[in-house]
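Below are two complexes that have chain A in common, paired first with chain B and then with chain C.
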Partner chain A sequence: MGEWLRSPIRGVLLDITGVLYESSADHGTVIPGSVKAVNRLRESGMPFRLVTNETTTPTTVLLDKLRRFGYQLEERELFSPIPAVVKLLQQEQLVPHLLVHPKVEGELRVGEKGSPASCVVLGDAEDNFSYANLNSAFRALMVMPCPRLITLGYGRYYKHNQQLQLDVGVYAKALEFACGVESEVVGKPSPAFFNQALADMGVQAEEAVMVGDDISSDVEGAQKCGMRGVLVRTGKFTSSLLPHPTITPDCVVDNLAEAVDQILAAKGKN
Partner chain B sequence: MKIGAVLIDLSGTIHIDNTVIPGAIQALNKLRSTDVKIKFVTNTTKESKRILHDRLTHIGFTIDKDEIFTSLTAARQLVDKRALRPYMLITEAAREEFVGVSGQDPNAVLVGLAPECFDYEHMTTAMRLLLDGAPLIAIHKARYYKRSDGLAIGPGAFVTGLEYSTGCKAEVVGKPESSFFHTALQDLGVSASEAVMIGDDARDDVCGAMTAGLRGILVKTGKYRAGDEDKVDPVPSFVADDFSRAVDYLIENGLSLP
Partner chain C sequence: MGEWLRSPIRGVLLDITGVLYESSADHGTVIPGSVKAVNRLRESGMPFRLVTNETTTPTTVLLDKLRRFGYQLEERELFSPIPAVVKLLQQEQLVPHLLVHPKVEGELRVGEKGSPASCVVLGDAEDNFSYANLNSAFRALMVMPCPRLITLGYGRYYKHNQQLQLDVGVYAKALEFACGVESEVVGKPSPAFFNQALADMGVQAEEAVMVGDDISSDVEGAQKCGMRGVLVRTGKFTSSLLPHPTITPDCVVDNLAEAVDQILAAKGKN
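On to the complex of A and B.
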């Protein structure tokens, strides 16, 4: 049993893209062993939740996709930044200027039509990250009396179609630099986001592990929140990432199946 | 010490768009009648030396094209020195400065101000090269700039984004980097301690030059706003009403530095 499993694990958080499936232009491909691993977690009675920063598709579409891969999941088990930010916008009565993927714009359009924007909401907009769109977000922030930049995740890049592409964090940083503001993150690695999923399982951070392919958002984010962070060698993982100058994962595994093997083997012994 | 060279900023110091700053042409002639060497130094990301030269000639200055040293010139020299094959996010006009540079099989990324290149596809290509270890070279890192329809997000934002995604640090070639002033002086064969910079930007011209070991004279034209000289450290060696007054000051002091 690895050192990282000495104190018992009572809950697991799973990243989706790069852990359950590899993203591509069509529907993506399931990662071998991951469906079985999720089933084994469920059969063993180990609580788990899915935490994703995926903001290019609505949650329901993502769930359908996962089900087609063979995952048996409930909507309540999935935590994504989109419902979280909608709640925030409603609670604080904010009118967002959106720079997001066209597929999720509808879900995020809240507030009164025609009233001036009081915040910028940034999601993974992919091709919508044009100069013109970034410039209008910049201008929107520059005229706000109290500029607020809300970003759905803070990722550097992710893997799509077997290649790395820019993630939303790059554009959050760009706007922060241009406008002299700091962004508020909704999604990973925000502790509030992790804590929501932990509270839903009724598990303390110290008793939980996060499994993901992003060394910052998943592993470091989890560790800063008090959880253990496990890095998988699937998705965006590249061997040049390790050793990382500032982040040491609690464990590095080939894939989700290996992580679940270790977690369940330790469960039997604790 | 005797002054060996004077570096002169362009926009805001001797002209603004197509207007000569009053007295600048005569003052330049006066300075030319001495034996100091002269270079015009400017941060430009979108205009080639030829375009700048055409404009200055058109409004009445007698300037040789080779006397102009821009952030694009500095970038070109860096590219040549290190035999780089840059993937370039720069405007068509700026490409004039890179004639003969091959971008085949790129081993560097060069970022200027090129709204048409700052789309997701170009930026992603740049990121992949940087992740493979290519150096990131930035013409400059402005947060935003002014254009006819208002403020627009500047190249610095895109450079910062690329730095974040890849964990690399951009090499900036323009003002106020010390290397910019040193490279401009290298061409003249004059050391920094024997040179003076005259400009309207307290931070990029004066403070940058002084940090690089030159003396710095701030002129109260162009983008100068009252009190600018008090906002920078080190404070300017001298503050002049305009370029003409700055030249008089140098000549009155016998072209020597205290």
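On to the complex of A and C.
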């Protein structure tokens, strides 16, 4: 049993893209062993939740895709920044200026029509990250009395179609620099976002592990929150990532199957 | 005589956009009093040079535009990042991956055709700052054994067509974050760039003043270099800039004419 499993694990958080499937222009491909690994978690009674920063597609579409891969999942098991930010916008009565993917614009359009924007909401907009659109978001921030930049995740890049591709965090950083503001993150690695999923399982951070392919958003984010962070060698992983100058994963595994093997083997032994 | 003029001024550096003319979609408009101010500098025998981060247009086109406004200028008086970076690329035998404005691509295409890129050169690319192009630059950096990101200026924004518009520094910051690299600046506020213009006048930094509308690139850049930095209330200036949390201009004036009035009035008095 690995050192990182000496204290018991009572709940597991799983990243989706790069852990359950590899992203591509069409539907992506399932990662071998991951469907069985999720089934084994469920059969063993180990609570788990999916925590994703995927904002290029509505949650229901993402769930459908995962089910087609063979994953048996319920909607309530999936935590994504989109419902979280809708709740925030409603609670604080914010009117968002959106710079997001066209597929999720409808879900995020809340607040009174025609009211001036009181925040900018940034998602993984992909080709919508044009110079014109980034300028519009910048100008919206510059005229707000109290500019608020809300970003759905803070990732640097991810793997799509077998190549690396810029993520939303890069554009959040750009707008932060342009306007002299700090962004508020909804999604990983925000502790509030992780804590929502932990609370839903009724598990303390110290008893939980996050498994992901992003050394910052998943591993460092989890560790800063008090969880253990396991890095998989699937998805965007490249060997040049390790050793990382500031982040040491609790464990590095080939894939989700190996992580689940270790977690379940330790179960009951401590 | 203002406090900032107690020690003598023997050379003047002038920003162009926002100081000599206001930028717009067509040809821009000259700033009232600026042509006369430049003429007065020349008549008084006060050495001056123009230092610009303008990289959306070739130097010769910019000079033509200034001459049409009535400025009498020689090409050798204008310092821009484009010739400076061409020299750097040639000296270090670098092959650039370009993310620049289409109008200046020709000038910057140096190095062996077909060789793999050994650096990324970032200019004010405007609409060329698409998601696809930023991804290409990002991927080019990610496969370089020693990634070098060279940016032509580091500005946050400027005023164009009476509205604020994102500048190259914002995209430099984005790529720095994505790749974990630091960019090398060619242009303002790089001390090497200012020093080139000072050396050309044969003037020490302590004896020189920079007049510009950018509180970071112009004023702070000049001050870090040992010069005095004067901020004009034209161009991108907005009153919300002042007081600035970390930068105190040596003087704030309505326009270039006022700065030249003060500089020439002090001339000979100290």
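Just so it is clear, the second predicted complex is superposed on the first by the 269 of 270 C-alpha atoms of A that agree within 3 Å, B and C clash if a C-alpha of one lies under 4 Å from a C-alpha of the other, contacts with A are read in each partner's own complex, and residues count from 1 in each chain.
Quick note on the criterion: contacts are C-beta pairs under 8 Å (C-beta built on N, C-alpha and C of every residue); 3 or more make two chains touch, one makes a residue touch a chain.
This is a predicted model, so every value here is computed, not measured.
K.L.:
After the match on chain A, would you call chain B and chain C a fit or a clash?
P.N.:
Here chain B and chain C cannot both sit on chain A without a clash.
K.L.:
Considering only the touch criterion stated at the top, classify A:177 as touching first (chain B), second (chain C), both, or neither.
P.N.:
Both partners, chain B and chain C.
K.L.:
Just to be sure I read the superposition right, which of the two partners does A:47 touch: chain B = first, chain C = second, or both, or neither?
P.N.:
neither
K.L.:
Touch check for A:81: first (chain B), second (chain C), both, or neither?
P.N.:
After superposition on chain A, A:81 lies in contact with neither partner.
K.L.:
Which parts of chain A are in contact with chain B and also with chain C?
P.N.:
Shared contact residues on chain A (touching chain B in one complex, chain C in the other): 125-132, 134-135, 138-139, 142, 156-157, 163-166, 169-171, 173-175, 177-178.
K.L.:
State the interface residues of chain C toward chain A in the complex, per the touch definition above.
P.N.:
Counting only chain C, the residues touching chain A are 125-132, 134-135, 138-139, 142, 156-157, 163-166, 169-171, 173-175, 177-178.
K.L.:
Where on chain A is chain B touching in the complex?
P.N.:
Contact set of chain A toward chain B: 125-132, 134-135, 138-139, 142, 156-157, 163-167, 169-171, 173-180.
K.L.:
Please name which positions on chain B make contact with chain A in the complex.
P.N.:
By the definition above, chain B touches chain A via 115-116, 118-121, 123-124, 127-128, 131, 143-144, 150-154, 156-158, 160-166.
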